[in-house]
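So that we are looking at the same thing, I have put the structure below in structure tokens.
Should a chain be cited, it is by its letter among A, B and C, assigned in written order, with residues numbered from 1 in that chain.
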Amino acid sequence: MIAASADVRLALDLCGIFVFALSGGLVGVRARLDLFGVVVLAWVSGLGGGIIRDVFLGDLPPDGISNGWYVITILVAGLVVFAFHGLFVDLSRHRPQLRLRRIAQSVKYLDAVGVATFAVAGSLKAISLGAPPLAAVFVGGITAVGGGMIRDVLVGQVPEVLRRELYALPALLGSSVVVIASELGHLSFPVIWAALLLVLGIRVAAIAFDLHAPVPITPSRGEAS
Amino acid sequence: MIAASADVRLALDLCGIFVFALSGGLVGVRARLDLFGVVVLAWVSGLGGGIIRDVFLGDLPPDGISNGWYVITILVAGLVVFAFHGLFVDLSRHRPQLRLRRIAQSVKYLDAVGVATFAVAGSLKAISLGAPPLAAVFVGGITAVGGGMIRDVLVGQVPEVLRRELYALPALLGSSVVVIASELGHLSFPVIWAALLLVLGIRVAAIAFDLHAPVPITPSRGEAS
Amino acid sequence: MIAASADVRLALDLCGIFVFALSGGLVGVRARLDLFGVVVLAWVSGLGGGIIRDVFLGDLPPDGISNGWYVITILVAGLVVFAFHGLFVDLSRHRPQLRLRRIAQSVKYLDAVGVATFAVAGSLKAISLGAPPLAAVFVGGITAVGGGMIRDVLVGQVPEVLRRELYALPALLGSSVVVIASELGHLSFPVIWAALLLVLGIRVAAIAFDLHAPVPITPSRGEAS
């Protein structure tokens, strides 16, 4: 099972790295970064979560700097960003605001896929390295949100995970499903797929319907600033 | 002694985690984050310093993600924040500026307690893990300021530790007292209490009397921006 | 060779720490931080990259908090910043904009030296600790850019490494030269000097001639904000 989940993990990792690198690259394009800035931001976004995971699990040096597949995935994503970015330009040459909104939406949906795959892959790796269950759940959650947090901080934005819309919770739910199944000795492909779809479903619903948790009563934006 | 200090450490840790989680939650409320954002910011603020400490000491996975007491403390603090936050609202429904000032002040005093407890607890843990004296001093200081730094960066503020008022220095003083006492073989409860009160006293005085180190001659704010 | 490179490494490290601490201190002066804020920012800038390097390599506690030479270097740099800063003031008392530009330029050139020394020193340390070649290259690059990234984020700026001008690429080139030479069994002083000068030359040229990678087509600054 662990051996099998190792292959599953690599597949999930590469998928998550790819989509987070895409989202990071698009955020870089939006932030008017140059070519290398975009690639650096793609690298940080795609590998940041996994690097934090490996540091927390003591699996050093982190895969994010030692695994060639990861690095190739980032470079491919970087190239794709430029194609994507071209599309955005073609699609709305005369409507920059629409283009910006479209980039922002794409980033959110790409993140949703990355959060789902990293939450599952992160908790699977923590389990395979013998981390205690509670730690495995949090490692999954941190793997899922870490890259996006670093990406947003680097471009001077308050991280999405702290702003509107359910974000950290589905990640923790997904990794909890994996960890509980593992504790019960029922960690199987269907469970992994269920966890993936659970996280993805909640995230996509939160974006599509703009679901978010209640905001505490606070002074108006004007007063707060 | 080490065994005893382990208990002391857990007590100090939980106290520091609680107050930093409160301060993080209040900062989140002020930054208009939603419920989960507030809890995530409380988590980062309460556990960030200890997680950096454990990473630096190679004590992995960090207590912050594997110790159930820590997690429970964060959740309790999150609930308390909402009560607190309610009080602020009741106390100054018609005076939002006063409310914001009151939140800011509360955050500073809560931080003072957290800085004191984490500086001592951090250096105690470093000593118990056999870190060299210099490293133990810095680990104490970093444990004390780390969570608040991450919290402030996440909401887009320049960290308090870099702004007015003595902040890092008392933390380093407190951990130095603990480390020196340990080197001299006189690490005892009175010493630990003395270190705690030293840090707390300096911080509270710095806040109450707005003490701060000299600011170098620089262009006026207008020119700097 | 490894033994020799250990001495070289310490020299390179101390040089890089010194210049990054200077640049961090100057950024702190520009950001109107008080004395301790300036020293904290100098500390973070000078030691941040090396601390990330040591965490990634599992060499804990990091040299940045356990090596006395490093700490002394930071303190000396802090004092020098105040002399420097005084010079800036004297040189352009009546022209604050000129002073600010001069500080900004100095920071860039100091960074160039730091990036070169840290890229080489970082990859040398990774090699000496037996990291795989790819990891050694990235460790060198991250050591070189890490401190400056943290510094910029702490004062609320988008890190230089993400903005105009070639920055991360020369660092990766320099560490690649060191790693390839090591793989070929030809790691020697001339190679180390060549790598240093390669990185330094590209950085200085990029600053002097304002070279930078192409910026993707994006909405105008007005629309982006």
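Here, a residue touches a chain if its C-beta (ideal position, glycine included) is under 8 Å from a C-beta of that chain, and two chains touch if they have at least 3 such contacts.
Just so you know, these numbers come straight off a predicted model, no measurement behind them.
Peer 1: Specify, for the interface formed by the sequence copies subunit B and subunit C, whether it is same or different in terms of residue numbers shared by both sides, with half as the dividing line.
Peer 2: different
Peer 1: I'd like the angle of the rotation relating subunit A and subunit B after CA superposition, in degrees, nearest 5.
Peer 2: It is a rotation of 120 degrees, to the nearest 5.
Peer 1: Whole-Å distance, subunit B centre to subunit C centre, using C-alpha means?
Peer 2: Those two chain centres are 29 Å apart.
Peer 1: By residue number and range, which residues of subunit B touch two or more other chains?
Peer 2: Within subunit B, the residues that touch at least two other chains are 55, 58, 153, 156.
Peer 1: What residues on subunit B touch subunit C, complex-wise?
Peer 2: Subunit B reaches subunit C through residues 55-58, 126, 131-132, 134-135, 138-139, 142, 149, 153, 156-159, 161-164, 166-169, 212-221, 223-224.
Peer 1: Which bits of subunit A are touching subunit C when the two form their complex?
Peer 2: Interface residues on subunit A, with respect to subunit C: 28-38, 40-41, 51, 55, 58, 60-62, 65-68, 71, 82, 85, 89, 96-97, 99-100, 153-156.
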